[in-house]
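In structure tokens below, several structures.
You will see chain A twice below: alongside chain B first, and alongside chain C after that.
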Partner chain A sequence: MFFGSGVLRGLMVTFKNFIASYFRPANQGGLFTVEYPEKRLPEKENFRNFPFLVYDGTPENLRCVACDICAKECPPKCIYIVREFDKEGRPLKRPATFDIDLTVCMNCGICEEACPFDAIYMDHEFEVANANRQEKLLYHRDDLLKSNEYFHKIRPTDAEAIDQRRREAEEKKKAAAQAAASKAAKPPEPPKPGNATPPPSPPKPDQPEQK
Partner chain B sequence: MATALQQKTFQARDAASTIDTQTLEVNIGPQHPSTHGVFRMNVVLDGEAIVSLKPVMGYLHRNHEQIAENMSYLGSMPYTDRLDYFNSMSNNFGYALAVEKLAAIEVPEKAQYIRVIMAELTRLVNHVSVIGFLLNDLGAFFTPVLYAFREREKILDIFEGVAGSRMMCNYFRFGGVKRDLSPAFIDQIKGIVREFPKFLDEFETLLTKNEILCMRCQNVGVLPPELAINASITGPMLRASGVNYDIRKTDKYSVYDRFDFRIPLGKKGDVYDRYYVRILEMRESLKILEQALKQMPASGELVSKKMVPFLKSPRNFKPPVGEAYGRVEAPKGELGFYLVSDGSPQPWRYHVRAPSLINLTILEDLCIGHKVADAIIILGSVDIVLGEVDH
Partner chain C sequence: MDALFVNLKQSMLNLAGVFLPEWMTLITSMAISMGAIAVLGPVIMMYLTLLERKVVGRMQNRIGPNRVGKFGLLQPLADGVKMLTKEDIIPRNADPVTHLLAPILIVAPALLVFAVIPFGRNMTAVDLNVGLLYFIAVSSTTTIAIFMASWGSRNKFSLLGGMRSVAQMVSYEIPMVLSVVPVILAAQSLSTNTIVEAQSGWMGFNWFVFRPWGFVAFVIFFLCGVAECNRSPFDLPEAESEIVAGFHTEYSGMKFALFYMAEFMNAFTISAMTVTLFLGGWQGPILPSWLWFTLKTFCLIFIMVWFRGTLPRLRVDQLMGLAWKFLLPLTFINIFVAGSWYFASLPVRITSSILILGVSFWIFTQLNKPYVREKRFYDLAD
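On to the complex of A and B.
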């Protein structure tokens, strides 16, 4: 091989690529750039970006119970939660403040893994750029709230599995409550034969702390 | 290109010259694109030849180790992604191995294979882009990089689909992985195993025998094997100097003992060898991928039973008192995580052995006597990522 043949063969490669980019399909060496704002790549279901809070039906009915677990587990500590109290000062199972600082959040997805109430999930929203990062990138509770339907839209498989699990848990709870109710209803019957001391009320079945 | 004889005459003429000359100190970086990040080289020049070179680092220091010591064990997993942001999967792998050693966790079979597949895909991503950037440093402006990035993008698509993010994967969990590989992704990986060799052939036609590349790279930045061993250089740099040391073979962590692959070695240890060793390593990685896809069980646990309760509450995971060092053959070299546990949910000591940082210590020895332009390609061939250097 003469001196310079390597360069020439290299040039052939670039030339072939240049010509082929006009005629081949995108996945075989053709032009594959997607002109972003006008056209978009299909979203990947498992893609994760900033978190959002899920509500069922109406925004008042949000799943978050302000347990503070996600705020504790969050590696960069970007979640800030304050529990809501009613007029008599009793704690309610909902957050008064739920702030996520998007400038601090690193999209790791640990909050969604740690949440025991299926309340916080990672969103597909990524176009959050704006000119005021101090105010507009600090998301408050109402900015974060999104419906379960939206969750179904962006991540159908995960949402379906979670809904299934929640339904089962609900049914189990209902069944347990019914069983408890029927058990609680039964004990008064035995005393009829004449025994004065009623049996001690049955211990309540172990119920998880969930509402 | 001056011949050796010409150079000798130049040197003789310079030595005989009575003109008073002095050396010149130049800072290359920290905002120079060829330093691959915020890195400064404090260079003393005699004419255009380098007399001394002092690497200045720390511009990207983020207190990684201290942050990890104030956090649950899982909490620093996403931070390891940000060490070497080109290969987050292998960083995850090293950290997961260290914690698994510390807490004596067995990893299920299927998860082991997924881990190996991800680590090898990462190696492809890293090597293909580092070669592209090396060519960028050589002056082949952006054509090879874009060819490399075209292929890299296909792999990153898989990462995005499986782990959720292109580069910050956060995919490994202690005792397994986060999500299953669905059949669609397995098909995609099979497609890459099928198509990638064609791309490599094309890439090699473009580069390997290219006279310009050969002249610029051969006999530049020669790293003798003794020096490489004494400076504890690892990874493709060490192997380009002809030292047969690969942690996948010597340590046989995970399931690497089940695959048939070879360790490519260089002869001279110059920039060209470092380039070619990486090409050959990619071919070996493809072999591993092919075998792993064949051997991978169709179903199985993703996370070991011992660790399932801690998935929901990482803060309750308390490894027993002790210490562990987990290491992997990351694309850049030996990536090790040293952990000391005092039985609390946070590591008492967390240390990263970053291959980029240690491989960079040798830079002055490689550059002395060469021209400034050669220093740039030597730095390119060392393959550093400043996120890892300045952890």
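On to the complex of A and C.
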């Protein structure tokens, strides 16, 4: 080849790129930039960022029972929970305060894995930039509450499996309760000597489930 | 349509003639031309930055600026505001006078050369009879300003850039001027207007670039022009990866913007001059003359941007070698070919000139081959 033919070949490569950027789709050498604020890529289901609290139906009906397990498991200790008490001072099964500090949270997802009540899950929210890190980035209970429907929307597979599991547990509990009720309704048989079986105890209401 | 701007200026002058004495209309005429150039230069520069960023972006599979205004059309204005409001830093040890003067002195010649560019039929601001000489002389003073900037900054990178710039300018000035000689021979004039008119005929396609010597001269002139205005791949004076930013390392804010302005206006004037000398200037069928001129000029500017998007920077020795060992002898051959062009009949002169130029091209490439040492074998190494 003659002197300078390499330069011409190089020029052809960039010119092809230039033309392709106008007339070709992204998978054939065209532009593959997604102009973010206007257009965005579909979110991956397994993407996880920052936890949220799940409630069923209404926000009062949240799953969290303020057991404090996630706060204890949290490696950077960004979760702060205070249990709610009623007027007589008896503890209730729900948190009065549930704070997560976003500036401290490292998005590890251990809270999700530790929670025995399916109450806390990792979110898809990533546009969390803010001008005030002391107040705006400290998420309180009401900021964290999101419905089960939202969970279904962002992570359909996981949400479906968890709901299935919860339904089965619920049915088992109901069946056990029914069995116990029917047994209680029957007149207690006189205990046979030497064969004292205690009535089957109902399963503990909130047994930790293997995930 | 063809005389749109000429008529516009004439009507403005007629309007002024109603109120003003005759000597004042002369001054008004000058003022209109000066004002047009003073507005045109910076506006062209601003939109060349946008064009360059867009085109290079596309070549690199990016979109380029598109946030400010539709298609990023207001991006140059945003950049201008940013540049104006930036802090102007002068190094403590710098020579303040030189440091201040350099950006001003570099913009002045870049604007001055607009005076002799024929933007269209009867659209040359000043029809100098030595227009081409004026262009070459004024545009080469850029070197002094660049060297002032580099020396006045008192920074080693600046000085290195300035030294490189001087070496490069001095080397490339020679083949650039010599490649113009065939055109002067053919047009028998140094006036840019006459040179354009010498290329009329053939439905407006009787351009010098369609002759063998014209083509060679065109390529050499354009390459040297790219080197003259410090554009990639000849951007050694401001090589980012080697010497920070070269001669404008110590400049910020509007002074830096002035350097950029000079660079882009030089790119425009070099393209405009190449069009004038070789591509028939404003000659062309159907479309109005100024539109033809603009189209051709922007084609050449696109080629400059294309170079920048494609080619890596040359080494200093490669740069010097290209100018002195390749382009310079080729221009001498070219002058000879152009001179003998008029002494032979058509078939003879075409074949002979192509033959001479081709053979000399081949010889120079052979002579310029880099020395590659033979592969050595070490028989007793093991």
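Note that the second predicted complex is superposed on the first by the 158 of 211 C-alpha atoms of A that agree within 3 Å, B and C clash if a C-alpha of one lies under 4 Å from a C-alpha of the other, contacts with A are read in each partner's own complex, and residues count from 1 in each chain.
Keep in mind that, in the parts below, a contact is a pair of C-beta atoms (placed from the backbone, for glycine too) under 8 Å apart; a residue touches a chain by one contact, two chains touch by 3 or more.
Worth saying up front: this structure is predicted, and the values here are computed from it rather than measured.
A.B. asks: Touch test for A:47: chain B only (first), chain C only (second), both, or neither?
C.D. replies: So A:47 only meets chain B here.
A.B. asks: Of the two partner chains, chain B (first) and chain C (second), which one does A:75 touch, if any: first, second, both, or neither?
C.D. replies: first
A.B. asks: Classify the contacts of A:10 with the two partner chains as first (chain B alone), second (chain C alone), both, or neither.
C.D. replies: It touches chain B and chain C both.
A.B. asks: Counting only touches as set out at the top, which of chain B and chain C does A:32 meet: first, second, both, neither?
C.D. replies: both
A.B. asks: Touching A:116 in the superposition: chain B (first), chain C (second), both, neither?
C.D. replies: A:116 sits against chain B, while chain C stays out of touch.
A.B. asks: Considering only touches as defined above, state whether A:67 meets chain B (first), chain C (second), both or neither.
C.D. replies: neither
A.B. asks: Decide which partner touches more residues of chain A, taking chain B and chain C as the two options.
C.D. replies: B
A.B. asks: Taking the superposition on A as described, I'd like to know which of chain B and chain C A:102 touches: first, second, both or neither.
C.D. replies: Neither partner.
A.B. asks: Which parts of chain A are touched by chain B and by chain C alike?
C.D. replies: Shared contact residues on chain A: 3, 7, 10, 13-14, 17, 29, 32.
A.B. asks: Which residues of chain B touch chain A in the complex?
C.D. replies: It comes out as residues 71-72, 74-79, 82, 143, 147, 150, 153, 157, 160-165, 168, 170, 179, 202, 205-214, 311-315.
A.B. asks: Residue numbers of chain A touching chain C in their complex, please.
C.D. replies: 2-3, 7, 10-11, 13-15, 17-18, 21-22, 29-33, 35
A.B. asks: Tell me, which parts of chain C touch chain A in their complex?
C.D. replies: That would be residues 55, 58-63, 66, 306-307, 309-311, 361-362, 365, 368 of chain C.
A.B. asks: Report the residues of chain A in contact with chain B in the complex, numbered from low to high.
C.D. replies: That would be residues 1, 3-7, 9-10, 12-14, 17, 29, 32, 44-48, 69, 72-73, 75, 106-110, 113-114, 116, 122 of chain A.
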